[in-house]
Amino acid sequence: MELTVENLSVSRGGVPVLEDVGFTLASGRALVLRGPNGSGKTTLLRTIAGLQPPLAGQITGAGERVAYAAHSDGLKAMLSVTENLHFWAQVFGVDDITPALRAFDLEGLTDRLAGMLSAGQKRRLGLARLMVTGRPLWVLDEPTVSLDTASVQLFADAVHTHLEAGGSALMATHIDLGLAEADVLDVTPFRAKPRVAAQDEAFW
Amino acid sequence: MSLWEYANPVKFIRTTDKVLPWISVLAVASLVIGLIWGFFFTPDDFRQGSTVKIIYLHVPSALMAINAWLMMLVASLIWIVRRHHVSALAARAAAPVGAVMTVIALATGALWGQPMWGTWWAWDPRLTSFLILFLFYLGYMALWEAIENDDTAADLTSILCLVGSVFALLSRYAVNFWNQGLHQGASLSLDKEENVADVFYFPLLVCIAGFVLLFIALVFLRTQTEIRARRTRALMARERMA
Amino acid sequence: MMPDLGKYADVVLGSYAVSLTLIVLLVVVSIRRARKVRAELERVEGKGRSDG
Amino acid sequence: MIALLTRDLRLAIRAGGGFGLGLAFFLIVTVLVPFGVGPETGLLTQIAPGILWIGALLACLLSLDRILALDWEDGSLDLLATAPLPMEGIVSIKALAHWITTGLPLVLAAPVLGVLLSLPPDGYLWVLVSLALGTPALSVIGTFGAALTVGLKRGGLLMSLLVLPLYVPTLIFGAEVARRGAEGLTVQTPLLLLAGISFGVIALLPFASAAVLRINLR
Amino acid sequence: MIALLTRDLRLAIRAGGGFGLGLAFFLIVTVLVPFGVGPETGLLTQIAPGILWIGALLACLLSLDRILALDWEDGSLDLLATAPLPMEGIVSIKALAHWITTGLPLVLAAPVLGVLLSLPPDGYLWVLVSLALGTPALSVIGTFGAALTVGLKRGGLLMSLLVLPLYVPTLIFGAEVARRGAEGLTVQTPLLLLAGISFGVIALLPFASAAVLRINLR
Amino acid sequence: MELTVENLSVSRGGVPVLEDVGFTLASGRALVLRGPNGSGKTTLLRTIAGLQPPLAGQITGAGERVAYAAHSDGLKAMLSVTENLHFWAQVFGVDDITPALRAFDLEGLTDRLAGMLSAGQKRRLGLARLMVTGRPLWVLDEPTVSLDTASVQLFADAVHTHLEAGGSALMATHIDLGLAEADVLDVTPFRAKPRVAAQDEAFW
């Protein structure tokens, strides 16, 4: 099954930011969103992840297939690395967390409390969460923030494995991951013409 | 449905602009007539002395305090079901008016209580439930103020209004159960035996009409204001992004 | 032609004073805000076009 | 769902926010009252059931902002919303976790604190029963308030303002049961009403909380 | 320094957290008490001064976590620490801002709420005076508590626990002034003691708060 | 005046993370710290900014000369962009905030509440704060996180101007800014040998 986005308009704080976005993302492929700061990448990803309703247009193949990772990692400072990961595994009905730990080189940190990790280590843990969701479509918002080059490579490998297994990935990043399967979509052409908030159109 | 046309902000402003002067004039007229009649030309009550004159403020404001909340409840329901922006804004516009009415009812009641019951305040069920109603008004207004996004605020406050109404009713019964009161029962009933004497009754009716009209005029005006403020915000946002 | 309010004068006058003040305040605040917002809207609309 | 519950309970214990603190607050309020109103036993006996109820209510209130705000701040709530759990389930579990960490300890501690306020002997049972019946309602109503204000930074005080009026019926019937019980009167009617409120609230309010939370997340 | 004060006041107004809410909480606690202890006027009159003091204290307490925690969370506190302001100045300004936004409105509202609790006529003046003298101490002590717990996520409840015992002397003397005043007794001794506590605390505690805050930042 | 760091050991949560770090940073120069995630860059920068005491060693030329910018920006969501910046300008006794606004291309956003900015816009505002401190030594922890390439360039220009004016800058980043004046220091060689927490040594 593939992700299809048609004529999608998304808004933030009621103001339309992107309009008429359309693309498809087949399994085994990745799509990288590009665009300057404030162009609306985060907003688009949140909409596709189902966290906010679209202003117009259709999204098919998202919903229950999405594993979302945002700017903030949703880590509990007072739980250990294992406990944090294990919780999400349980929520998503997955049993084994070792592959995720291994893929992001967290094995040496299993008993450390998440609050005591460095910025990059936290990020790695947040990304490892994706692997325990068992969900095929990864929706990622700037996943490589604070990661060093080695960790970026770990992440690229993880995405690669995920794609090979038939998954797909949609992400916004400012850096290049060197993924062969990745297409790039620049959101700049879709930027909404300056308008008032959609909900305010009634007030014209 | 023709009535829903007035849910269009432009149409609403246009219509209310036409009727607003008339309503205002009527409101002021009936308030002036009613209050002057009541204050200068009614006799003292044989038991309560001159304090009966407070009734011309106390009862209408108490009625409006409750009815304003009811109106907000209806407007919230309309927003939830049909998502007409004007109704959400009307609810927002009515809240401060209702709150002021509640304060007036409380204040006049408290002043009245001093000579009649020998105390400013007693935990009488009716008094108490008014105090609770005032708290609901405060919370409702505070929630509107606290949320930036207008639609989110409308959604959340209307749910609060619904849930709050249920709890306000519950509180009313709870309070009744908790304390037997001093306050008189409703005497505006159609049952003639119970009613206050006609001398007090007619000016009172005029005052009530005045309060109702005043409420309508204020809600119209304030809703217009909310609509305009909203439109201003919308236009500014557009300007900023251009 | 002030009616004789007897010993309750302060209470009765007090409640009239409080209520009328509150009502007048509410009306004044509402009208002033209405004016301000209306002016602001007209400024933003630039053309002074009527509400439409 | 169970994973969520265990996680919340574990966090409550681990972060030092749970069992201990609500309880301690309860204790302190009860201790402060004699300082405020003076130490006469007769007076204290009279107000004891009411003070216990108010103390429990405030202790509940103070811990409400932990229900959802922490998860909101670190982004967990967004992630939970995309997880295969219904929102109604999430808020119910959150309310349950709050009750276990706050309400339950309060119920158990109330009789002990009754001693400090010279609660009459008949009162203990009824204070216990009324709190046991009433605190779940407090948790559920509180979760609604928390969901309403979750997006607001430090909305804690606003939440109190919104929640307290909603607490009134529960408080009145609860305190009435405790008070009548302490005076040896019959408690049947308020007890039934209290139970009615609790069950009604538990059955219905989670839907409102979930709706409100969905609005706040978008 | 003045920039900091104006910023804090502006934030308090803007974020809807300031003047209104502490006050509303105070109002609500006062309203809840009769629901708990029952509506008899005689009883209420007796406990009124104490309840007013406890209510004011709790309203203060609840707003403490806004003093420093917000600035900590968004990193402002780190930046302020590296700015050319002495830490003692920062904590004093923070306490002052808290008093202006919370303590002062409480003092002014107390007499009005006294009506609800049938405070005897003699009591109004002394409740006002005692609160006016006591609330600054509450703010300063509260800032110390806030500084102690600033690093802890949602340390609100823990802070309450730490702060409440520190509030006890202020509460005892303050409530004593109010109570004696209400009963028409002489208030001189507790009044002097209350003033002594306030001035002592204002003069000395900021140094402790600054020290604690420095430790917490590192 | 230059920043001199000698035999510096720094600890986090009581555990030594870097030992015997030494370097000098002259005015007009920049020093970029490199090192994998969790190597202790943040800890080192916080120590130099004076936010935590060093375990051992000397730091001279820091203290009152430092303007520090961390992972979090210290922005108040309820204040506008101008108000946020103006506050910090007042604290540091600087009057004019327009150059800072201009340098980070914030002029179009002056009246927006900070809470309504996108991730990158917030970051730009956080960096603009540096320019109103009037302090010569900038200590920056991953300043370019969430910035797009245009904004990174704005930032590099700002640093460049600052260096030209005789300032200096010490920063940890994983990306290359293309600054001619920048030296690179890899912190990996200074990593502390695994030991117990320093404070526990008393218990040996």
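By letter and in written order, the chains are A, B, C, D, E and F; residue numbering begins at 1 in each of them.
We adopt the following convention: contacts are C-beta pairs under 8 Å (C-beta built on N, C-alpha and C of every residue); 3 or more make two chains touch, one makes a residue touch a chain.
As the structure is a computational prediction, the values presented were derived from the model and not from experiment.
Each step here moves to a touching chain, and the least such steps from chain A to chain D number 1. Chains making contact with chain C as well as with chain E: B. Although chain D and chain E carry the same sequence, what matters here is overlap: shared residue numbers make up over half of all numbers found at their interface.
Ranked by the number of C-beta pairs in contact, the top chain pair here is D-E. Chain A and chain F have centres, each the mean of its CA atoms, that are 28 Å apart. Chain E and chain F have Cα centroids separated by 37 Å.
The geometric centre of chain D is 24 Å away from that of chain E, both derived from CA atoms. Chain geometry summary: the mean Cα position of chain A and that of chain C are 54 Å apart. Residues of chain D in contact with at least two other chains: 15, 152-153, 158, 161, 164-165, 168, 172, 218. Residues of chain B in contact with two or more other chains: 10, 132, 135, 138, 142, 146, 148, 178, 231, 235.
Residue positions 71, 77-78, 116 of chain F are each in touch with at least two other chains.
Only residues 110, 119-123, 128, 131-132, 135, 138, 142, 145-146, 178-179 of chain B touch chain E when the two sit together in their complex. Residues of chain B touching chain A in their complex: 8-10, 85, 148-151, 227, 230-231, 233-235, 237-238, 241-242.
Across the interface of their complex, chain F is touched by residues 13, 35-38, 42, 71, 116-121, 123-124, 142, 145-151, 174-175 of chain A. Of all residues in chain E, only 15-17, 21-22, 24-25, 28-29, 32-33, 35-38, 43, 46-47, 49-51, 53-54, 57-58, 62-63, 65-66, 69-70, 152-154, 156-158, 160-161, 164-165, 167-168, 171-172, 175, 179 touch chain D in the complex they form. On chain E, the positions that touch chain F within their shared complex are 3-4, 7, 10-11, 14-15, 71, 73-85, 217-218.
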